[in-house]
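Next come two complexes built around chain A: one with chain B, the other with chain C.
And now, the complex of A and B:
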């Protein structure tokens, strides 16, 4: 307690030098919490968007589908299992049929995936009843903004699409873009045209077939779905988590740089303190404090910097943290073109206690070590030399 | 008969130098009893501070023996010598060595915190000590706000507050003017008489010598003279 009291007094007595240390540590703490919260919130936002636009509360995918084999996509369908039909009627399951296609916008040829979704559904974020066109000869389609940008399409554009039906015959038909949606999930947007399920089933000559079954409720995961395979959440989000992992390297480099700067500040002020306060070290020794306790005093001072920094972070960082919770963080325009999920909309931050406490504990431990390092000199300092202000 | 507080037996102390060793103390045989008001005098470099440092267990003899409160200084561990200092020895330094971030009260209180004295007892002891040195009006001041004489009186209060068996004062008046020096000496002399504390000074200040009851003269690390003095 006495050591803590003396350390506290010394820090306060150290004036602006303490303030600078505390501010540096506080900035590092704010930056680290902010960065971790951003990555955490980005993943949460991306997960939420995937759930809203593609995954629902669960997904059955046709067993023959291989995302890495485009040739398998032609045959990636199966009859909708009987048990699901009533659920589809009640809007508790949304069937989606997919097929590879070639589109010819303005005479250009582009590969695309056409996906059929029921016109009336509210499980996914697609506007219900959106497939409406005044053109009786064209199939109404919706696309995302990325697809529109890449294929240079706009609402009202009519172009040809070529689709192979279930018998292997190619059908060429006209498609009209009726809506361009802001879709935050790249896998739902990029290279994809969305049409009414029944139209696609008709084109493919596959009435009653689907490639995916999107569930409204987790409890539906246990339903029997012959020809389909349940895609667990971890498997579905594996790519997202992999992106997160690949981001970690640069995150750690940033942390290392920040920590290096902060710890240099602490180390420097501790080393300077041991040098400048050697007479005080001698006095404390003469008064009966052992060298270990004196070293503990200096280490405690270092740790207290971090404690003050934590308090200062709570005060200075709170408005910053609140701002990003309230107004979100939008990445500079163009990031969404990278095909990264969750980047096209503002990321609203959340700060789990584990992130805050984990960062704080880590910094406390690191500060304690860095504060202790210069105090090793005290062990080799003779009290008589210290009293004379000498350092060997 | 007065109790022996400290003694040295054939004690020598040498320091390594670039060319060999410097013998700071040679074969010192001294005995200090309780209630002494003793000065170690001699020119600069005669070994006064070295002798005080050893008696204060801040240093150890190279040869021979030094005992304080019956404990051999050479045998003490770091922890034991810390305990010896905190319990039985008070220090007064030429440069006061007050803790700059502490108030007068806290500086005087510090040795009692090391002894883990209860707060109320501590407060009484500190106020008593400050009364002895006449600094009750400076209780909340910081060392930077005090004059040299006042700082040295705080240092005396800090040394005396735990009522140690022995107070070691290294040139306590060297940085003070005549008036303050006399005031400090009078204060220490009174405490010596009232509390029976042993005071051992190192000094080459004639003003101090007048107050001493015993004068030990060191020349080139050897005891040249050890006589009872006139004292005041």
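And now, the complex of A and C:
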């Protein structure tokens, strides 16, 4: 207690030097919390967007479909299992049919994927009843903003799409873009045209077939679905988590740099303190304090810097943290073209207490170590030399 | 007198019907003329883009309908590119990256060297008679030649183009003009053949113009500079080992 009291007094007595140390540590702490919250919130936002636009509460995918095997795409369909038909009627399951296609916007030839979704559904974020066109000769279609940009398409554009039906015969039909949606999930947007499920089933000559089934409720995961395979959340989000892992490497480099700068500041001031306060060390030693206790005093001073920095972070960082929670963080323009989920909309921050506390504890431990290192010199000091201001 | 006139008309009709071949016979004749056991050819493909045209030359080896190997000889940028088709599989070797890629899925829908042909079209393999039921629509003149105009309807569901209209040169059994339709009835491709010459024991077009009707542009011209039919081709040509 005496050491804590003494350390506190010393820090206050150090004046502006202590303030600078606390500020540096506080800035580092704010930056680390901000970065961690950003990555954490980005993943959460991306997950939420995937759930809203593609995954629902679960997904059954046709067994033959492999997103990484282009050979499987042409035959990625199966009859909708009987057990799901009533659920589809009640809007508890959304069937989606997909097919590779070639589109010809303004005479340009482009590969695309056409996906069929029921016109009336509220499980996914597509506008229900949106497939409406006044053109009786064209199939109404919706696309995302990325697709619109890449294919240079706008609402009202009519172009031909070429699709092979289930037997392998070409079918070619006119498509009209009736809506351009702001779709934040690249796999739902890029290179994809959305049409009414029944229209696509007719074109493909596949009545009653689907490529995947989106579930409204997790309890439906246990349903029997012959020809389909349940896609667990971990498998569905594997790509996203992999991206997160690769980003984590960059994140650690940034942390290391920030920590290095902060710890240099702490180490430097501690080393200087040991040198400048040798008379004080001698006096404390003469008064009966063991060398270990003196080292503990200096280490406590270092740790107190971090405690003050944590308090300062709460005060100084609060407006910043609140701002990003309220208004979100929008990545600079152009990032949405990277094809990464969660990049096209503002990321509203949330601050997971476990991560923040973990960071704080780690920093406290690191500061304690860095503060203790220069105090090893004290062990070699003779009290008489210290009193005379001598350092070997 | 009337009986005599009727008998004469009947005789003329019988004579005419005896001269007019059936649509199936015409198709068989076209197939016989256009396909061969094997062939080696040197060709040029002229691809017209919006700004410029470029010519891609190649040496090609074909055996039956399901084996095909092609090596690009010019322009320098594409020289050494190899394409091998074995049945329903298609591989491309790119000398710039020294890698072989199997063309599949959406890649099959991409254009071959920017032409009006997609890899998917390239994969088509059939004899008309096997895939289509034909009816003679009319007799017409095309490019100064007397032609049968046939309407072909796919016999099976898995035939790529549901309907074709073809103009067959009556004397040479060469299809001079073709229209390929989708199931919806939309015209998808036209093919014009010209410069028909006698090569070995058959009539064969030296120039073919492919036009994707859904795509803007002037189409793709295909010139057959040299072709030899029913020649012996070493087995290694149609193996994946050649793609390096």
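List of remarks:
In the analysis below, the second predicted complex is superposed on the first by the 392 of 392 C-alpha atoms of A that agree within 3 Å, B and C clash if a C-alpha of one lies under 4 Å from a C-alpha of the other, contacts with A are read in each partner's own complex, and residues count from 1 in each chain.
The rule is simple: contacts are C-beta pairs under 8 Å (C-beta built on N, C-alpha and C of every residue); 3 or more make two chains touch, one makes a residue touch a chain.
Because the structure is predicted, anything quoted here is derived from the model rather than measured.
Of the two partner chains placed by superposition, only chain B is touched by A:384; chain C is not. In the overlay built on the shared chain, the residue A:291 is in contact with chain B alone; chain C does not reach it. Applying the stated contact rule after C-alpha superposition, one finds that A:165 touches chain C and leaves chain B untouched. In the overlay built on the shared chain, the residue A:16 is in contact with neither chain B nor chain C. Look at A:109: by the touch rule set out above, it reaches chain C but stays clear of chain B.
Touch criterion not met for A:68: it reaches neither chain B nor chain C. When the two complexes are overlaid on their common chain A, residue A:2 makes contact with chain B while staying clear of chain C. After overlaying the two complexes on the shared chain, residue contacts for A:283 are found with chain B alone; chain C is out of touch. Those residues of chain A that touch chain B in the shared complex are 2, 6, 9-10, 12-13, 279-280, 282-293, 382-384, 387. Residue ranges of chain B in contact with chain A, taken from their complex: 53, 56, 58-59, 78-79, 82-87, 91, 93, 95, 97-102, 106, 110-111, 113-114, 158. Looking at the complex, you find that chain A touches chain C at residues 69-74, 100-102, 104, 106-109, 111-113, 160, 162, 164-165, 167-173, 205. On the chain C side of its complex with chain A, the touching residues are 104-107, 109-111, 118, 120, 154, 156-162, 182-184, 186, 188, 212, 214-217.
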